[in-house]
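Presented below are the structures under discussion, each in the form of structure tokens.
Next come two complexes, and both contain chain A; in the first it sits with chain B, in the second with chain C.
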Partner chain A sequence: MELAHFWGILFISLHAMVPITLAAIGETIEESAGLFNIGLEGILLLGALAGALGAQASGSAIIGLMTGITIGAAVGLIFGVISTTLRGSQLISGVGINLFALGFVALMLTVMGAPGFHSVARDVQVPLIHLGVGSLSPLVIVTVILAVAVWWLLRRTQLGIWIRAVGENPAAADVAGLRVNALRLGAAIAAGAFAGLAGAYLSVDWFGAVTKEITAGRGFIALAIVVFSGLNPLLALLGGFIFGFFDGLATWVATYPGVKDIIPWQFVAMAPYIVTLAVVAGVIGRVKFPKALGVPYMRE
Partner chain B sequence: MGEILLEARGLSKGFPGVWEHLILDHLDFDVRAGEVHTLLGENGAGKTVIANILSGYYDKTEGEVLIRGNPVNLTSPRDGLAHGIAMVHQELMLVPAFTVAQNVMVGLKAPALSFGLAQVERRLDELVVRYGLQVDPRARVEDLSAGEQQRVEILKVLFHEPQVLLLDEPTSLLTPGEADQLFVVLRAMADEGKGIVFISHKMREVFAVSDRVTVLKLGKMQGTCHISETTEDELTRRTFGETVPDYMERPAVSSDAPAIEVRELVPKGLGSKAPATGMSFRLRRGEILGLAGVAGNGQTELIEAITGLVPPSGGEVWILGEDLTGKTPRAFIEKGVAHIPERRREIGIVEQMFVAENVALKDYRKTPFSKKTVMNQSEITTHAQKIVERFNALVPDLWQTECRILSGGNIQRLILGRETWRKPPVIIASHPTEGLDAKAIRHTWELFLELREQGSGILLVSEDLDEIMSLSDRIGVIFEGAIVGIVEGRGADRELLGHWMAGTTSEAA
Partner chain C sequence: MLPSSWRRRFNPIAESLLAGLIGLIIGGFIMLAFGYNPISAYRSLFFGSFGSTYSWAESLANATPLILTALTFAIAMRGGLFNIGAEGQLYVGALAAVAVSLMHLPSPFNLVVSLLAAMVAGMIWSLPVALLKLGRGVHEVISTIMFNWIAHFFAFYLIANVLTDPKRGERTISIVESARLTRILPMATLNSGILISLITVAVILFFLWRTSAGFEVRAAGYNQEASHYAGISLRKQVLRVFLIGGAIAGLAGAVQVMGRPPYYAVMSGLPQLVNLGFDGIGVAMIGRNHPIGIVFAAIFFGGLMTGGRIMQFDPGVPFELVRVIEGVIIIALAVPELRRLISRFRRKRKHEN
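Showing the complex of A and B:
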């Protein structure tokens, strides 16, 4: 294998790492606070659509990403309100988000005149950074910085102590004077914003298009990576890279002359999912999660 | 005695939807600088509610709270802390996955992005020395014993340098020795000029630590006095209405038929507590065997093993002379094992089901409650009505009241009724009178003695040594998953039992 292939696979891996990792570290904040949002996949999808529309309407990739973040945060807010003050089922509302997103995005794509596919003009996509050996999205760097920042926030700040206390023992947090539901709501909004950014990255940056299958289960893989990481954003970054690597490898195998004729690409395309499954099956049960994860809190 | 730090005037509280009486009925109470003021009363007297109101956790319905003579309206526990009022709750309010210092940080009012862990640890080191509260600020809470966790709770509030400290039954998880250590700490705090409100229902503790004592009964004041002006008998009369006997007299029952026989039993779930050899004991029919011990020493696991809920990992369980090891809970029930569980809301009843359904929970598939798999509602209603009346449960409606809205005491009455009406040959009762009032406790004890005379073998698991000593024919102590010893109930040596419970066998023997 030539060196160029190494760089090629590495760059695809890094790009594939971004959406999963972003969604996973947002969800890490949320699960630390005791909420469990299975609707990440739906938020990714809505973020992808919103990002594309925002970028096109404004002619700016940055505005596109911001639109994705805003829509994601809004869905996170709705989920948060249902899970805290309304004490609803987090599972059901998460599933609801996924179903809504699937239907809504498919409908919008049809309304926009291109059923199933909508491409984003190249001049409103995020510009790549050209390095000697390839081109890199700036969001790769942003993702690494955010992972470190969220790790720092959760493990090395007063706010992190509060967020984790609310997830571990909301009654104790309440007695200590914390506003349990407000903290949880904030965490839900943050998780939504992260997932929204991840979605917008798919359409405005990586793929330059929206399809209704664009997320391809990445929201669920992000949930799996949260489990793998044991709520550690740095491990989530690693997990995201591992998935990204297999994704990149699959893409390389599927397109490289000589190799693609020997191994059917369908098999290789399965690799990231199988690896995720294997990794999660290996760690599940060994990782400790917040005691009050998924349980609404009421005082008296 | 110093100035009045905290005062309540005409304090009242009524929870919505609760019948009987006001939880607190126009109460006057104060605590002064430098004193330990004990609130004495049985379960359900309203002690916890007062403390929760005074600390800002609950709202009051009526009345006034004054701090150093100024009326205040506390809206939250944090508000209370800001006014120098701190409360240590009965249940541990800790985050087990955090260290001691991190637990303290949860309650800090620091900027969100700051991180003062190191300073907090240093402050805690000082407090540990100042009050002699032995605990490592850097230890993870889940690795600490119950006694140490209790000290963490106290450290947590001391960190805020409160003027008034309210402690709600802080000794409930402690061994007698640990409780004595706590009293030394309380005294040290009072000597610094803090006002301490100590909540208890144990007479011994009241005399060990208090300057003044206020007796509370069903939400009403029964008077306040200096500890030197009263006696144990007088306080007991005021609290319970009558004196608790050391040992309730009962006729001899001559039976040698076995009720429960446990051989080298190793219950599942003991984890690192599992001792090398299993537990062995024998309970006859017509006998009450009391099993004392501090919570978490294997009582729950033992009960799970001898009711069939969790098959043991070793040893045998014989019920009425038959080996039921590894059989299903239903097999145990069919054999005649009644179970009055400790976690009554979780496994004693189904909270979302109606009262009548809960009363019939173990009998619904038998005649006359059902015929050919069809339930007979009128039979169940009649039966439930009988149980409710017999056990004085306060229940608005048999078929419309979900059990979850009932108080713990009323739920317990229903469970007692359901489990004992058939006069079962084997009864396993865990903390059976917790949350009941004095009259109901008395009735329960009499019921147990009556069932004993009629041939029931009763295993009574309780943390309340008074209850164990009053009722038991024999008393065993469980410590770290092993039965330390079994002695005769009549004339049992309380001190010896205390040592056994604390695991200091060698010194006592």
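Showing the complex of A and C:
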């Protein structure tokens, strides 16, 4: 294999790593606090739409990303309120968020006059950093920094201990004077913000367009990566890269003459999902999750 | 005063109706925000879905596969499992039905074998989910979603390379005429698939409440630990739920491809199959995971789909709004405050009486 191919695959892998990892590390905060948001996929989708609209309205990619973060945080807030103060079902509200997002994004795309597809003008996309061997999105670096920062937050700060305490044993945390629902709500908003950024990255940076299928299960893959990581953001980064590599490999194989004649593209496209399954099945036994994950807290 | 068994049934129905109302109201506000007239849109939606014999027939035709995918979800939910794999299982079910057509079996057999093949294909697609859960502890939400995507690309491959109609590259060969489900009305797409769905409802109803295996499923759903100590094998229970669910979801794919005119073939891009599995989850939730509730919820969803198409033409509101409404209804259902609202309302009524 020529060196150019190596760089090509590496760069696609890094770009494919970003959305999954961002969503996964946000969800890591949330699951550490005891909430399980299956609606991640929907938040990604809404973030992608919001990011594109924000970038176009303002003419700035940064504002586009911020719009994605804001909308993601808002949906995270709704999910958080339902899961904490209203003591609702996290699985049902998550499914509702996914359905709503699917409908709403498709609706907006139709209203904007381009059913199913809306491209983002190149001059409001995130500018790439040009290296000698290829171009890299600055969001790749941001993702690595955020993964380290969240690891530090959860494992090395007082706030991190509090977050993990309300996930592990909310009743004890409550007795110790922690505000269980406030901490969980904050974690839900943070997870929404991360997923919103991941979505905005898809539209304003990586693909430069919004479609109904833009997320392609990445929210669910992020959930799988969280399982793989055992709530360690650094391992989530690694998991995101593994997925990104196979995603990148699939894109590369699908376009590389000679290879695509031997292996049909559909089988290559399955690879990331099969690998995710294999990886999750391979590590699962040793992973320990918070005891109160998914259980609403009610003061006795 | 109503007897308590009636009250127990009334509350979930009232909750679903209230959630439905909230969904329609918020949907109305969204229409206003986009500059549509919600009243004329809802009028068109209602008459489009239930205003005539034809629209009733179309709504029932849309409900047919949804009843089945909702049952897949509901039976798992009754057993305490979250199976969102109907989507992929129905793809392989539909393609298995088409594949049997290639065997050119004699007349009544090809229809029966097609249905059975779809059920088996759904079970095969569902089995690894159960095995991964039992053997490796992989949560079914993750594995079913991954299998849905694998099924998606596998279906694309089969449509483009294996089951392709030699004359029409964009779809599979059509199911032979003798293996098609008969149409009930000459104009509408409603077909005898609705009977298959209703029979399945009756079977699941009987299974869950009249057999010991069904009792074990429900017991595990109420309290997994207690049912384990009562001697119910978790292994058997997980396998049972996923295999039955897979068979029903496969059947959903089969009735859709064997029953819906005009092509009786799976189109490339799976337009007539995509999202039926996910919509089934919504149907099951609104039907409170009860087979009878599911029938009504599926007719409601089927009606939204039929009327949504009409609404698209008349006041010009995009069809996608229907799914927005569905999402809001589900989110509303997740909120237990609704339940308290209803009981407060009932208490007030009692005082007034």
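By our rule, the second predicted complex is superposed on the first by the 299 of 300 C-alpha atoms of A that agree within 3 Å, B and C clash if a C-alpha of one lies under 4 Å from a C-alpha of the other, contacts with A are read in each partner's own complex, and residues count from 1 in each chain.
The rule we apply is simple: contacts are C-beta pairs under 8 Å (C-beta built on N, C-alpha and C of every residue); 3 or more make two chains touch, one makes a residue touch a chain.
These numbers come from a predicted model, not from an experiment.
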Discussion item. Looking at A:130 after the superposition, I want to know if it touches chain B, chain C, both of them or none. Which is it: first, second, both, neither?
Written reply: neither
Discussion item. After the superposition on A, what does A:156 contact: first (chain B), second (chain C), both or neither?
Written reply: first
Item to complete: Determine, under the contact definition given at the top, whether A:172 touches first (chain B), second (chain C), both, or neither.
Response: first
Worksheet item: Touch check for A:223: first (chain B), second (chain C), both, or neither?
Response: second
Discussion item. Tell me the contact category for A:101 with respect to chain B and chain C: first, second, both or neither.
Written reply: second
Practice prompt. Report for A:122: first if it touches chain B alone, second if chain C alone, otherwise both or neither.
Written response: neither
Discussion item. With both structures fitted on chain A, tell me whether chain B or chain C touches more of chain A's residues.
Written reply: C
Discussion item. According to the stated criteria, A:164 is in contact with first (chain B), second (chain C), both, or neither; which is it?
Written reply: first
Discussion item. After overlaying the two complexes on chain A, where does the chain B footprint on chain A coincide with the chain C footprint?
Written reply: none
Response to the item:
Seen from chain A, its contact residues with chain B in the complex are 153, 156-159, 161-162, 164-165, 168-169, 171-178, 288, 290-291, 300
Practice prompt. Name, in rising order, each residue of chain B that touches chain A in their complex.
Written response: 15, 57-58, 76-79, 81, 87, 89, 93-98, 102-103, 105-116, 156
Item to complete: Would you mind writing out the residues of chain A in touch with chain C in their complex?
Response: 38, 78, 82, 86-93, 95-104, 106-107, 110-111, 216-217, 220-221, 223-224, 227, 264, 266-267, 269-270, 273-274, 276-277, 280-282, 284-285
Worksheet item: Which chain C residues qualify as touching chain A in the complex?
Response: 30, 34, 82, 84, 132, 135-139, 141-143, 145-150, 153-154, 156-157, 160-161, 275, 278, 281-282, 285, 318-337
